[in-house]
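Chain lettering (A, B and C) follows the sequence in which the chains are written, and residue indices restart at 1 in each chain.
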Amino acid sequence: MLELNGISQSFGGLKALSDVTLSVPEQRIVGLIGPNGAGKTTLINIISGLSHPTSGSITFAGEHLHRTAPHHITRLGIARTYQNIRLFGDMTALQNLIIAQHARGHASLLDAVVFAPRYRREERDLYQHAEMLLERFGLSGVAQIAAGNLPYGDQRRLEIARALATRPKLLLLDEPTAGMNPAETRALGEQILRLREDGIAILVIEHDMSLIHQVCDEVYVLNFGQIISHGTPNEIKADPAVIEAYLGSDDDASA
Amino acid sequence: MDAVLTPLLDILRPIGITEPVLQFMLVNAILGVSIYLTLHAGMFSLASAGFMAIGAYVGALLTQQSDWPLWAALLGGMAAAGVIAVPIGLPTLRLRDIYLAIATIGFGEVVRVLILNFDDIAASVLTTLQGERVRFRLIEGARGIKGIPTLTETWHLILFLIVLGYLLTRLHRSRFGRAMAAIRQDETVAANMGINVVYVKNMVFILSAVLAGAAGVFSAHLTRIITPAAFGFDKAVDILAFAVLGGTSTWIGPIVGAMVLTAMPEVLRFLKEFRGVFNGLVLLVVIVYLPGGLVNPAGWSRLWQRLGRAQTASPSPSTGVD
Amino acid sequence: MDTLIQQGINAISLGAIYSLFALGYAMVFSILGVLNLAHSAIFMLGAFFGLIAIDQWSLPLWLAFPIAMLGAGLVSVGLELVAFRPLRRRNAARISQLISSIGAAILIVNITQLIFRQIYNSTEAYLPRDLIPSDPIVIESLGLRVQPVRMLIVVIALVLMVLLQYLVNRVRIGQHMRAVAFNQRIAALFGINVSRIFIFTFFLAGVLGGAAGMFYGVVFLNVTPFIGEDVALIGLTAIVLGGMGSIPGAVLGGFLVAGLQIFSIVIGGSSFRNAVVFLLLFIILLIRPQGLLGQPESTRA
């Protein structure tokens, strides 16, 4: 589904990623772990089109993504969440989910002005889909509350719901359980597993190893911008290179 | 229309609002909406005065020189502003906040100086082309165009604003309007939601220019005379003040802001001499103490709370301009 | 050839004024990341205070000059307290601070206009023609005629710029200014009184802007409440050209803009001089928004 081939990225001489090759097959959950500053978020930014790699190639569902604009990538079926939650804070939870369906709609401004049947049908569908997602993530009760005022756990889940609202084939999750307690983390793991059953491939950055064990089919380990290991969660756990990378730095990844 | 207008004016006249004052309030309301559109999409553009000038000059030439009717000149002026907005917007809208503000101020000044020298430039171009000295007088530089027919009537403006108001309510319930709001809050995330940010920003810039152009055509056919000095940096700041005073959380805000600010010196006569002082104070006081503007219930309640208890510095959620 | 050199000298003295003025913009921008559009009003006040001191109080030029600078510096501090600090406390957007500075500019210009009307019954006034000996200094060998005023301005402006450079690089408070410009929070952690640095920066900016305004008045003799508007956008162009927060950039930008103006007057006549400047402003923003000496704009979230 997603293939990264020899991706390198440097910022003003500093090499953030070098020669990263990674693939996310269909209907699989792939984990990406590594110490802070290893380049995980940089990689997600590249896949979602926010920055372009210095060299290397990306293919998604058979299409080459070369300097493709972010909105186009979303339309192809890649959605993401953010390490620091970036909801539209002034808008309600429901509005966040409506906006995320932007690319699914076709009604023009003129359609909206004359209440064209196309516009009315589309609006109805948008709201239905948004309400379905709210219910699925247990957010129906807070639909009309400004996203910025929601409790932290709700914001995390709303962000995932918002990414799903774009109807992706591949979902990129950047530390989805950051700040959650073990029970919440466990519940979110269940949700992620259900997404795979719905046919969505997932690439998840995570520090919480329990979640990695719970959901991931395979894991890549990134250190200093390079992939140092790849395998099942259990294989990774036993890899001396990985242990070295984590012991060599003060990191909270062992949590 | 007169049946409504006459009694309305009878009510307004005693407080100092005569028909010409009302007309300017309405023209300025259009300008308020023009800047509101860009602000609502998170773009701090001060280009409205420049596009207003383009609309005014194109419109005035069309009615005066070519005898077009007002409605046709209106379309002409709006189209001219919109067309010029394309090559201006494409490169400039990549810039953000202060840089965009400066670039659009620069645009406004270029428009003003070009109008000022238009006849000279045209004359020297024609002279070079034809090989003999050519005199060229069309828009008369600093002296301005005089004797423009006064074709704008109050009901034109009211009708225009009613249609505009309807379009704006629909805008906010459309995909396009939601995309604008998303871009204002977080441009990057908006792009990740599948919104073509460049397209939306440029479209909004064009729409804003078209409205400013319309205001220009209307005002040219109210004042009889237009000069480039009327569309300079001062005008750009006036328009900004409409949005700041009214607030940009809804489209009603800038309209209210424009009408209040225009009517104020007429209603409070003693203010007339201090008009400039007053305008400055309004900008300063509103931005400092009532950041959401007049039309912003949340801002008022915050202000009351603050006045109620001891002043505590609490960061307030941002809306619109703030 | 002669006129070219002559124009070059004019450009240098005009450039000195623009540079002094642009320095104030640049200093505030480097520290606050905010454009203080009221700085043009401070410029005007410099000329206005000078006019009052000379014309109303009959003070000599050497005394009027520091009074103008001090007055402008104090009003500039007032700006910080009234238009900027409350917004900073609220964490308002940079754009809000830009708007409040526009409000402050309008306020100052209009109040000055009211005072002007009271004193002069008009909105313009003239400095006495014999303020500075106006006989040009003639350099026969080069065929040059240089007005003493212009020489004086260039000398004083250069002295002020060197003093500023010394202050920023060698004196403790200047080092604190640079620390605050680099990062306010870290500076505060190191025990620097950030509020005091802001006030000091605004004072310095005001002093330099006031000096520029006073010079402008002395060169053109004509003072109105609106002279700030003439230079507002020119100063803006200068700092955009030089790089928004860069102090050497502001000086370079000031001289470049003056050179360009004089050059375009020679080529195309005076009506084009501002068109060329604004066109330059526009183009620089599009192709190199960080300016000639500036760092690329950091992507602030």
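The definition used in the following text is that a contact is a pair of C-beta atoms (placed from the backbone, for glycine too) under 8 Å apart; a residue touches a chain by one contact, two chains touch by 3 or more.
These numbers were taken from a predicted model, which means no experiment stands behind them.
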Interface with more contacting C-beta pairs, comparing A-B to B-C: B-C
Nearest-to-centre chain - CA centroid comparison: B
Centroid distance [mean C-alpha coordinates] between chain C and chain A, Å: 50
Rounded Å distance, chain A centre to chain B centre (Cα mean): 41
CA centroid of chain B to CA centroid of chain C, Å: 30
Contacts with two or more other chains, residues of chain B listed in rising order: 318
Residue ranges of chain B in contact with chain A within the complex: 166-167, 170-171, 173-179, 181-182, 185-186, 188-198, 317-319
Interface residues, chain B side, partner chain C - complex: 44, 91-92, 95-99, 101-103, 105-107, 109-110, 113-114, 116-117, 120, 233, 237, 240, 244, 273-277, 279-285, 287-288, 291, 313, 315-316, 318, 321-322
Of chain C, residues touching chain B in the complex: 34-35, 82-83, 86-87, 89-96, 98-100, 102-111, 113-114, 229, 232-233, 236-237, 240, 271-272, 274-275, 278-279, 281-282, 285-286, 289, 297
Sites on chain A touched by chain B in the complex: 48-50, 69-71, 74-75, 79-80, 82, 86, 88-91, 95, 98-100, 102-105, 107-109, 111-113, 119, 123, 148, 162, 166
